Every structure is written in C-alpha cells, then in structure tokens.
Amino acid sequence: MSEQRLTHVDEAGTARMVDVSDKAATVRQATAEGFVRVAPETFRLIVSGQAKKGDVLGVARLAGIMGAKRTHELIPLCHPLMLTKIDVDLEPVESENAIRVTATCKLTGKTGVEMEALTAVGVACLTVYDMVKAVDRGVTITDIRLIEKEGGRSGHWKAAE
Amino acid sequence: MSEQRLTHVDEAGTARMVDVSDKAATVRQATAEGFVRVAPETFRLIVSGQAKKGDVLGVARLAGIMGAKRTHELIPLCHPLMLTKIDVDLEPVESENAIRVTATCKLTGKTGVEMEALTAVGVACLTVYDMVKAVDRGVTITDIRLIEKEGGRSGHWKAAE
Amino acid sequence: MSEQRLTHVDEAGTARMVDVSDKAATVRQATAEGFVRVAPETFRLIVSGQAKKGDVLGVARLAGIMGAKRTHELIPLCHPLMLTKIDVDLEPVESENAIRVTATCKLTGKTGVEMEALTAVGVACLTVYDMVKAVDRGVTITDIRLIEKEGGRSGHWKAAE
Amino acid sequence: MSEQRLTHVDEAGTARMVDVSDKAATVRQATAEGFVRVAPETFRLIVSGQAKKGDVLGVARLAGIMGAKRTHELIPLCHPLMLTKIDVDLEPVESENAIRVTATCKLTGKTGVEMEALTAVGVACLTVYDMVKAVDRGVTITDIRLIEKEGGRSGHWKAAE
Amino acid sequence: MSEQRLTHVDEAGTARMVDVSDKAATVRQATAEGFVRVAPETFRLIVSGQAKKGDVLGVARLAGIMGAKRTHELIPLCHPLMLTKIDVDLEPVESENAIRVTATCKLTGKTGVEMEALTAVGVACLTVYDMVKAVDRGVTITDIRLIEKEGGRSGHWKAAE
Amino acid sequence: MSEQRLTHVDEAGTARMVDVSDKAATVRQATAEGFVRVAPETFRLIVSGQAKKGDVLGVARLAGIMGAKRTHELIPLCHPLMLTKIDVDLEPVESENAIRVTATCKLTGKTGVEMEALTAVGVACLTVYDMVKAVDRGVTITDIRLIEKEGGRSGHWKAAE
C-alpha cells in the first residue's frame, strides 16, 4: 500500500469500506490511550474523598468496554468484528491532574482493531467527562492515539514515547 | 449544588444517574469542539488532490450526527433525549495540519446536551481517524471540550478562548 | 418553504438535519404502504397450507413495528421521536400474488412521522422477503409510498389512488 | 431443500430461524438493486443545481452501508454476520427520473448475504426519500430485488434482465 | 378497561402496540425487584474476599441502568420513552444466598414505566449470572415482579409483601 | 480453573471481560428455561378465547430470538458472538398457570452461549409480562436457569431435574 492514497477513498474520490474478503485471518491486537484533563479539585474528587475509590473510574471502564463492541455501528466504514478481548484501564496521573485511559482489543480476524481500541478510549473519556461536568466545565479530552499494534501485514508497531 | 460534590455520586460513593424528573423543560443548547491532528501529507490528502473535496469530512460529519443520537446508549448515566437539532462541521486548519470538528446540539428538555455535542465531536474525530489511519499512524485526537452552553439553571456560558 | 429547495441541504450544498427546535409540537400522523410481489406458488405457501395462517405475516408485522422505533438510527438526518402509536398490517392481495403492507405512525411532536411509517413498511417487506427467499428468488418489493399525512403546517394530505 | 416448503416455517407452522450450524463456511456474495422514483424537478434538484453534486446521494450511500450492518437487528430471523465487504452505489437514471441504488455484500460464512444487500438498498432508498420528501410527496421506492448471488450450495445465480 | 381483555390483542386476536396518543402525560413511576440465587460459596465470593466489595454488583447495576434505556428495543410492543430517572440497587441477602435487585424508573409521559423497571431488573440479574456462571452452574434468577407503581389512571399500587 | 475464583474479576478485584483469544473454536450449545406465572384467568386469556391461539406467545418467541442477538450489548462483559441457531419455545403449563419458556443457542466459537440462551428466555418472559400486565399485576417471572450445556472444555452438562 502506497503512502500516497487513502484506502477508504476510491479513484472517483468516494469514501468506501475497504474490502477485506481476501485478507488472511490472523491474530490482531491494538492498544490506544487518551487523557481526561481536569481541575485539581476535580481530580481530588475523582480519586479520593467523596467517591468510593474507583467508582467514577469503574463506570467509565465499563462504558469503554461496551463502547468497543459498538465500534462498527458508530464508525461508518468499520467492519463488524468478533473481539475476543477488550481491556480498559483508567489510571489517575496526579502530576497532570489527568485520568489516563488505555484500551487493548484483540481478535483473530481479517482486519485490525485500532478503531475498536480508540473507540473504547473515546467512550471511556466521555464517560469520565459526564460524571464530573457539573463541577468542572473546563474538562478536556486530549491525546487520544494508537500506542501499539500487532498482527496483519504490517506486523508489530509501537508509537514513539 | 455545591462545587464540592460529584452530582453522579451519592453519599455512599456509588455513581448514579441524576434524577431530572422535577427539573423544568427549557431550551438547552451546547457546542463542543475537537481536533484531529495529522501529518502534513495526510492533511493534503484530506483537503485536496485524491479525495473529492469534502468526502472524508462528509462521512465524518454524518457519523457525528448519528453518534449524537446514540449518546444515551454509550454514556451509562446519560438520559435519553429528543434532540431537535444536531449540527456538525469539519473545517481544515492548515496552519496546524488539523481538522477542527464542532458540533451543536439543541432541545427543549430537562437536562443539558453537552454530552450529545461532545459525543458527536468524538465520533466524528474517530471517523476521520479511521479513514486516514492506513497512511498515517501518528494521528492524534485532541482538545475535545465544551465551548458554549445555553439554557438550564446555569444560563449562558462560554469557554475562554 | 419554496418547492425549489431541498430542506436537508444548506446553501453550501451540504446535507443537514433540519432544525425543528422552534416548530410547534402538534399531533402528527402518517400512513405508508408497500407491496411484496411473489410467485403464485409462494403466495399460496404464505396464506394457506403449510404455514399457520398469518405466521409469516405475523413475524413481518412485528418486525415492522420494531423497525419504526429504529428509524432515527437508520436514516441519518431523522430526529429521534417518541411515537405513541405504530400500527402495521399485512394483507394478502390474491389478484396480484402480493402482500400489501400498510403502516401508520402517530405522535405529538415537532416533526412529521412519514419516515417512521415508511421504515416500518420497508422492514416488514424485507422480513416477508427473508422468509420466502429460499423458495422464490424473484420476489420484488415495490411501490413503497406515503398514502396519507396529517398534522404539522401542511395539514391533511392524501395520495391520489 | 424442496421448493414446496418455507425454510423458516416448521411442521407446526411456526416461523423459525434456520439452523445453519452444520453448513460449510464458504465465500458468499449478493447484489441487490432498487429505485427511488421522483418528480422531474426533484430529480434535477438531486443531481445538479443547489445540492453539491452527490451530497444527497453520498448521505444515502453511507446510510446503506451502515444499514447493512444492522440487518440481523432488523430482520427477526436473520443471523448475525461478519460482512467483509459492503458496497453501495447510487446512480441517477435521467430517462426515468429515478435514482438506482445497488448494493453488494460479501463474507465467508455459513449463510447467504441477500438480506444484507437488500437491507442496504432499502435503507439507502429511504434515506433519499427523507431528503427530498419536503419538496415531493409523490416519491416511490420500487423494484427492490436480488440481481446476483454467489456461493453456498446453490452456486451462482443471476436475475433475468 | 375490563379485566377480561388483553390490551395488546385486538378483536381479531392480533397482538398490537397500544395507542397512547390520547392519554394524558402524567408523572409515572414504577419499582420492580428480582433475585439471583447462588450457592453459599458463590455468595461469599460476590460479597467479600476476592472481589473488591461491590464490583460484581457495580457492573450489574450499570448494566441494569443501561438495559432500562433499551426496553423499547427489546420488548416489541413497548413505546419509546424518555426516562428521567433510573435507579438500580443490588443488595446481598445473606440468609438466602441471594442478591436482591431493585429498580425504579420515572418519567412524565403517556404510558407507565413498569416494563422499564422490570427490564432493568432482568438485565442486572443476567449480568450477575454472567459473572458467577463459571464457578456456579446452579444459579437461578427468580421472583422478578412489580412491587410498586404510581401515576396514570390507576393511581398508586403496591404489591402485597 | 479453580472453583475459588470469579473468572470475571482480576487480582485487584476489578471485573473484566475474560480474554478468550487463545481458546479453541468448538461447537457450543446451551439451553435455558424460565417461567412466567400468572393468575388463572390470565392464563386462560393467553391460551384460548380472545387471543388467536399462540399470538401472545408468538410475539414473545420473536422477542426472545431477537433478544439473544443483543446479548453482548446488554451484558457488559459478554463477547460478541455469531450465533448459528436460536430456538425459542413457549409452552403453557396449565397445572401451574404458567408459561414455560425454553431457548437453545448454538455456534462454533471460542466461548459458550449460556448467556445468549438465558437472555433469550429473559426477554421472552418480559414480553409475555408486557402483554398481560394490564389485566394482571401479580405476574412473576421465575426460575430462569441453565438446563443443558455442550461443548468447550467442560463438555456436556445437564441440570438436575
């Protein structure tokens, strides 16, 4: 695949679902991350004090897992996939008043699972946002990106730190 | 509501859906934004050349509109809402090699529509990502945030620039 | 509204959801119809003999009702609506070896329910097709159209016979 | 399978999902078509003039692709399937003031994909209808049918012209 | 309404969605309960020891809340509703080695919310089952019933103990 | 797997989706049952007289089949699965004024289908409830349990009578 072409756009310039019918079914895994940045006081509310430790994060973790399963409904040109693993973690990063969300998806299939991992991260971040928005209007969701990818033609890939 | 408490967490520390039964139904509107940052070459592929101008962006715009309607399915503690307006726009920002996504949602109802606007932005950003991921693994989705909000008890609010 | 413009397309030529925020909530109702044309032998299988009278039609009727509720998920620019009535009927038309499907939807709301009635018809027709496709590959779904519409600014309208 | 029996109806006359557990997983493909017939003036609005060429059609194309993925949710007795290809095209047919919709679905699986192709056509047709309904109440969706089918026990089949 | 007729079945014996178009929109609330009965050892695993106290129950609580929002998609003749409150609680009942699930739903609308409360209970019970099924095949979900109902024509109703 | 651990809960006590990536794809089948207990008069309404014999039961059967397909959307830690068979039956048990619901699901896959069979039963029971609730507020859904399971590492298992 040349770097010059968008795979989802045909010669006529129309966005299309990529035909993966003839691709081999291989083990594929992808990990994505993202951050929810909040005010210092909000950060303290999330990680300690009033909230049962982990409950805000627990709700967001569940939402991320369930969101990954809906990826093909949300992203128009994604294929339906049979994920065999969805792992979502939320970790408070005190030095940045942020929650770091990571998600790993895996399957044996004909196409990669980057979008599933990224969607899990996106939905988990939005869920954290939802639960703190009444006390903090300045929340920002940032730096959602792929950090690792295995399987398929392109093999193992890892983002620079 | 004091700024000291998370509205979605009760005294026992359990995250809950906020009961809005007794709130007044008023006109509510919210606007959110977010950015998809890509490599310069990817940016050029999106806005000109191979792709019909706007087709990648057009698919993402549709995905954002449809995503807003699914907010209550994705975000566990969001209420089902009857949106009367969903507007999503994608605008290339050449100086930053980024696509800026904005979304505005509106209804007459008992609770705000921030999450709907933010979900529209999130899904539209993920859709742009999906269509360029094969040519650019370094894509980042950033700075998803609320920029304006009207209606409800808290009145009009606008984010600082 | 002039007959010269598509309401879902803005000045720049971009398809948009119509903003119905400022429309009045009135009682609105719409009825649509459609036909599934089959071979004579298939027609007999549906209405008599092997199948419990009405079972193929009963499954399709249910599918139509449930489909109407999903309209806003399927049709990108449709608003979510709170239907208060969904009626779907399937009637064998022997002289044409066809099943006639009619659907009526109703609500008190800011926008019409034509698409909900039409989607109910479409899904019910597809469901009949599914159940007979193994014995008849020449099935055709035809003449899906609106036949009556009440409420909203345009008042009562009825299709010519 | 005899042509005398509806495969979805058991001896007691009850409609059932066909058990495909013991069928072989083979490559299966199906293509369906359908038409949206509009008034001449509406036809011109769709293909030229006000609308950005292709935008009405582009929205409908996306809706068709996304609709195909929901087939098993809409059609009660359809199996969930892992489509590897969904192609939807909309082509103006000037001589008939119609939009012709075609859809092709493909997978390696235990059951055919006719219903997925037909559902894609149905949803795309309904989406065109939605966007023009405000200027043209006489729109009709017609002649939705299977035009080609490959794979499975019955091999290659093509509809007569 | 006479007690002699099923409201969802018309004169011809066909099950139908009840037309609530002309009902008044009033405040309606319903509470349902159900039980998941497990082996004593399983009960101890759920409430103490290995599992973080409440995590199995927390996942089920979320699933119940989200399930309530899908009621009209699952139950064919239910209307789409705009719930303003969904409360789900899971409480260990040590004397019976059971988890008691209760759910309360509320809205201002034209039809009651019993099915929403019952669906929340059902989905939460199934979720508890899912998480313990690998260690206990004898789990039973029992005694799902309505315990209280307010609003609508029939006023306040409470189940006998 | 020791009987001492919940498979969905990790060392830190967090509920997780089980990673089935490395499990073998084998034929798996599960059968579940449940009961809807009603008043004697309600029982008579369901099985004879006013309702077309089987129509209440027919609607519930369809709902159960469609519900099984949504299991992974409803139960947070369930994997998406490609069911090849879903059979739902409803049988009046006159001696108990109850409807007995049974459901069997089957596939070739990496994880069992107990939850799919149980969800089908649960949704079918709720659907019967919905249709009789206006004439009988004392309806109870009881004894939902797994009755047989084949395939996977644990082989064939059958519940005691």
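Chains: A, B, C, D, E and F, in written order; residue numbering restarts at 1 for each.
Just so it is clear, contacts are C-beta pairs under 8 Å (C-beta built on N, C-alpha and C of every residue); 3 or more make two chains touch, one makes a residue touch a chain.
Since the model is a prediction, treat every value here as computed from it, not as a measurement.
*Asks:* What chains, if any, are shared contacts of subunit E and subunit F?
*Replies:* A, C
*Asks:* Please identify which of A-B, B-C or E-F repeats the interface of B-E; the criterion is that more than half of the contact pairs agree.
*Replies:* When the contact pairs of B-E are compared with those in A-B, B-C or E-F, B-C matches.
*Asks:* Based on mean C-alpha positions, I'd like to know which chain lies farthest from subunit A.
*Replies:* Most remote chain from subunit A, centroid-wise, comes out as C.
*Asks:* Relative to subunit E, which chain has the most distant C-alpha mean position?
*Replies:* Result for max centroid distance from subunit E is chain D.
*Asks:* In terms of residue numbering, is the interface formed by subunit A and subunit B classified as same (over half shared) or different (under half shared)?
*Replies:* The interface is built from the same residue numbers on each side, given that over half of them are used by both copies.
*Asks:* Indicate the whole-number Å distance between the mean C-alpha point of subunit A and the mean C-alpha point of subunit C.
*Replies:* Subunit A and subunit C have C-alpha centres separated by 37 Å.
*Asks:* Please tell me the distance, in whole Å, between the geometric centres of subunit A and subunit D computed from their C-alpha atoms.
*Replies:* Comparing mean C-alpha positions, subunit D is 32 Å from subunit A.
*Asks:* Quick check: what residues of subunit A touch more than one other chain, meaning two or more?
*Replies:* Those would be 14, 52, 54-55, 58-59, 62, 66, 70, 73, 76-77, 80-82.
*Asks:* Chain adjacency by touch: line, ring, star, complete or other shape?
*Replies:* other
*Asks:* Got a list of which chains touch which?
*Replies:* All chain pairs meeting the touch criterion are A-B, A-D, A-E, A-F, B-C, B-D, B-E, C-D, C-E, C-F, D-F, E-F.
*Asks:* If you look only at subunit E, which of its residues touch subunit A in the complex?
*Replies:* The contact residues of subunit E facing subunit A are 52, 54-55, 58-59, 62, 66.
*Asks:* What residues of subunit E sit close enough to touch subunit B in their complex?
*Replies:* That would be residues 27, 54, 58, 61-62, 65-66, 69-70, 80-87, 106-108 of subunit E.
*Asks:* What residues of subunit F sit close enough to touch subunit E in their complex?
*Replies:* 1, 3-9, 12-15, 34, 41, 45-46, 50-52, 55-56, 58-59, 62-63, 66-67, 70, 73-78, 114-115, 118-119, 122-123, 125-127, 129-135, 137-146, 149, 157, 159
*Asks:* Help me check something: in the complex, which residues belonging to subunit A touch subunit D?
*Replies:* Counting only subunit A, the residues touching subunit D are 14, 16-17, 19-21, 23, 72-73, 76-77, 79-82, 109-110.
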